[in-house]
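Each of the two complexes below includes subunit A, the first together with subunit B, the second together with subunit C.
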Partner chain A sequence: MSARTLDFSVYAVLIAFALAAPFVFPNYTSQVAVMWLMVLMAVTWDMTGGQMGYNSLGNVIFFGLGMYASAVVQIGLVYDVAEYTSAFGAIVVDFNDTQYFTGLVLGIVAGGVVSTIFAIIVGPFMLGLRGPYFAIGTLGLAVAVAELVSGWEYVGGGGGISMPVYPGIAGEGSLVWYILLGLLALSAHLFCRWLYSTQFGLAINAIRDDEDKAEAMGIQTTRYKVVTWVASAFFMGMGGAVFGNMSGFIEPLEVAFPTTTFGIFMVAMALVGGKGTLWGPVLGAILFHVVKEWTWTYLLGWQWVALGAIIIINVVYFQQGILGWAQDKWPRLFGVSVDRGPSETSVEAAE
Partner chain B sequence: MLDNLSLLWQAPIIGVDLLLQGLFIGAIFALVAYGLALVWGVMNVKNLAQGDMVILGGYIAYQATLWGLHPIVALPAAIVLMFGLGWGIYVLIIRRVVDRDMFTSLLATFGLSLLIQQVLNLIYGPEVKVAESGFGSMEIGSFIIIQNVRLYSLLLAGVLAAAIIVFMKRSRMGQAIRATAQDARAARVLGVNTDHVYAFTYALNASICGAAGVLVAMIWVIQPYYGIVYSIRAFIIVTAAGLGNLPGVIIAGFGLGMWENVSGFVFGAEFAVAAVVLMLVFVLMYRLAQSYRVRQVVR
Partner chain C sequence: MSANGTKIQIELKGVSKAYGGVIANKDISLQVPEGKITGLIGPNGSGKTTLFNSIVGYHPIDEGSIAFEGREISTLRVPEIARLGMLRTFQQTRIYKKMNCVENMVISISHRGGGGLAGVFKSAKDAATVERAEHLLEFVGLYSKRKLISGELSFGQQKLLEFAMALMNQPKVLLLDEPTAGINPTLINGLIDRLKRANEEFGVTLFVIEHNMRVIMNLAEKISCLAHGELLATGTPEDIQNDRRVIDAYLGAH
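Right after this comes the complex of A and B.
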């Protein structure tokens, strides 16, 4: 089986599952919707983390920014946002259907656009930092943005904003979020699949392997890095906008900019599945989410300890991840041809 | 914000007070940052669990007060306990990431930091805790009030720092640590057991953090999730001062403490953490600009 047909059969299986899931497990629609969000997060994190070698610990910024941008747009279409947030839920939102759906569409677009603009502004600075400095810098930026937003009264400060309620019948809303998140995850993955097959993909892989050399070969490294980060920010922002509507309530530290939950989940998921591979983040996200939903409630508070332990074990003992390991073992399935010729063996012997 | 600035202008004595308080806190920051610089310089591990070790030390002091002891008693206990813990962490985790790429150590210690904060959260709960020291306060002039505990902690931090410096300069182990930091391979050739040195360095860092944590619990408050801000502070100081630059670390520590106090007063307490973290971004940007200058000259 060639890599191409393998890809398409995996797509077919996943899409079939996605279509069937709301009918087969009607009680778990929101859980599966969150699973698509996790896939989206892992795939977008891997664009910079796995393919470009820039391990961001703060991609959750775009998630939160998208969420807040959509909230401001959706509420701001009808109400004065400052008045709405200062009333702390005393104003009951009363949208008619047209207002709600226009707001929703505009809000999701705004979520993507605001995150994109933010990434364009900070990208050239942050991406100039190399290696661990980039990771620490993005982590610091995420913490700073969360603190700034919780001090900003216009968007409700630390108290948060409650989002407008979906106007349709019960259960219809969760189906809409399910479809939106599923489509976002699918389009992000298709986009990545196309992107990694182009010359652009080769360039960012070159940056990962040796940035100085890539620059010396004439690749405009800064431009490539910013474009990649911006693309991942765009998808992340739209995902945040949808998730904000899904959760119904936005609050800066726990929901919008959760550095220690979603922020680290996306790294852990990409690592478990195998970072730098096309399907690794997807596999990692699905595995992580299913195991998490199954075991979390039985661990009685120890789940976060378990999360820390998982990250440590994963990083220290099994860094290449599941697909990375499989790729080493059966390279042909992944379309990778490895020449185990005399040159490589002689290098190994020399070491 | 402008009200606060004009208040500062009209009554400069408040400014003096803020700077003095910043000095006391900055001493502890400098201590933590020195531990980070030690581990970073010797074994090239960026320890993101630094702040959580500080908070862990703070909880040792808090536990001592629960048992009816004075928190200052916890200082030697924290040093010894954290030394053992640091050695254990090295054997289990850090040993395996020393030679790997730098993101590995960063992420492994980030996982460690999650682990520590969650265990603390399970044991002590998410409430803010303080280890009451019961020292009084004294007044200088009519405006400046200094809590004695801050003065004592400044002195203790100074004593600890001096002890570490003497240890690093004089003792056999200190010499081995410095040799390993300069060139691990050469040190190994010359008979230094570098694995042992790494373990000792990491354990020493843990006990420095533990001691700093005891001081933090006495003069401030502790909470399981406060650790990350201490890690970020330590990174700011080390990045600003550079590795192996002890006077730089001390000056940067004092500077950060003062900046934090003044900005917390001017912008309001809810922006104090944001001001600290934005400082990190500025320091990183400064280093970036500097490295661009170097690249233009060298390449």
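Right after this comes the complex of A and C.
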């Protein structure tokens, strides 16, 4: 089976599952919706972390900024945001359908755009840091942004904001968030699949393998790095916008900029599935989410221990992740050639 | 123009570079003529790699000037100089180890002209580019390894790949840092032959650091010799071979 047929078979299976799930497991629509969000997070994290070798611990920044940007746009279209937030929910939120849906669409777009702009501004500085410095730098930035938002009364400070309530019949809202998150995950993945098939994809892989060499070959590394991070931020920002609406209430530390949950999960998921591979982050996200939901239900009290154990086993014993391991074991299945002949033959043959 | 009519492509005047207290290069002046093969020799630690690093913009120099095709480049950075058409290979070979040979080649195409990001969204399997890549891999004898992950090549093969990657970039000048170091002695003649052919057929100016005297005598038309960071002598292979100071430097170093 060619890589192309394989890819499209997997898409077909996942899309079939996505279409059937709300009917087959109607009680789990929100859980599966969050699973698509996890896929989105792992796939966009892997753009820099796996493909480019820049392990960000701060990609939740884009998630949170997208969330707040959409909140401000959605509320601001109808109310004065400062009044709305200072009333702490005392203002009777009343959006008619047109106001609500216009706001929602514009809010999601704004989420993507604001995160994009932020990545364009901080990208050139942050991406000048390498290795662990980039990881710690982005983590620091995420903590700082969360602090700043917590102190910004206009957006409700640490108290948060109640989002406009979905106007449709009960259950319709969760289906809408489900569809939006599923579509975002799918489009991010299709985008990555295309991007990694171009020379741009080769350039970011080259940066991952040896950035000094890439520079010595004349590659404008900063541009590639910033563009990649920006693309990742765009999708993450829209994901944050949708998730904010799905949550109904947003606040800085737990929902918008959760560095110790989503911020770590996105890294762990990509690592478990196999970073730097097209499907690794997807597989990792699905497994991770299923295990997480399962332990939350059946191992209450131990769920963090179980997740921690998975991360430790992964990092210590299984660094390539599941698909990375599979690729080493069955390279041909992944279009990688192996050498079985004596090592210098071809060189001698050419003498 | 020099006296015999060849154009000077790289011109160093009074270049000095120190690392803290260690003076790695002191007042070096030399010229690299266009379209020729020029050699740079000297015992270990004499400052050869440092001089290459200065030329390609890896670090700022303390004093002096470096001109490429008449343009001062000592304040430019590595990728800018690379895009002017001057590339270097590394003494500790550097390739993209998790990518296969063809991918290593395709991403090594020229980034000159600063055409921005347009064109980079071409397919990684773009037929014309892959064909040129395979042709050059064949030239260095790696065609049968083209789909192999490059990190799995032997050290010598990695050096050949790095050389092919440099050619893929179609540079005007190629600075090679000890291209034969670590290569199986039986393969060295083949490599020398390919360096000469790259120079003749593709018209690439070569500036080659070489520790192995026999190799450089075979290869270069003009050789400069460094010792303790200073330029001892410049001349034809015969001149250099018979130069008292060069002989002493080499003997003294062993």
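Basically, the second predicted complex is superposed on the first by the 341 of 351 C-alpha atoms of A that agree within 3 Å, B and C clash if a C-alpha of one lies under 4 Å from a C-alpha of the other, contacts with A are read in each partner's own complex, and residues count from 1 in each chain.
One rule holds for everything that comes next: a contact is a pair of C-beta atoms (placed from the backbone, for glycine too) under 8 Å apart; a residue touches a chain by one contact, two chains touch by 3 or more.
For clarity, every value in this text was computed on a predicted model and none was experimentally measured.
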Practice problem: Applying the touch criterion given at the start, work out whether A:L148 contacts subunit B, subunit C, both or neither, answering first, second, both or neither. | Solution: first
Self-check item: Touched partner set for A:N205, first subunit B, second subunit C, both or neither
Solution: second
Quiz item: Is A:Y133 in contact with subunit B, with subunit C, with both, or with neither (first, second, both, neither)?
Solution: first
Quiz item: Between subunit B (first) and subunit C (second), which does A:L283 come into contact with in this model arrangement: first, second, both, or neither?
Solution: neither
Quiz item: Which parts of subunit A are in contact with subunit B and also with subunit C?
Solution: none
Quiz item: For subunit B, which residues count as touching subunit A in their complex?
Solution: 46, 48, 93, 96-97, 100-104, 106-108, 110-119, 121-122, 225, 228-229, 232, 235, 239, 268, 270-271, 273-274, 277-278, 280-281, 284-285, 287-288, 292
Quiz prompt | subunit A-touching residues of subunit C, taken from the complex the two chains share | solution = 56, 78-79, 82-83, 87-88, 90, 94-100, 103, 106-112, 116-117, 119-126, 129, 138, 140-145, 147-149, 152-154, 156-157, 160, 165, 169, 184, 186-187, 189-190
Practice problem: Using the touch rule from the top, collect the residues of subunit A that touch subunit C in their complex. | Solution: 197-203, 205-206, 208-210, 212-221, 223-224, 227, 276, 336-339, 341, 343-351
Quiz item: Taking the complex as given, what residues does subunit A use to touch subunit B?
Solution: 55, 57, 125, 128-129, 131-133, 135-137, 139-141, 143-144, 147-148, 150-151, 158, 259-260, 264, 267, 271, 301-302, 304-305, 307-312, 315-317, 319
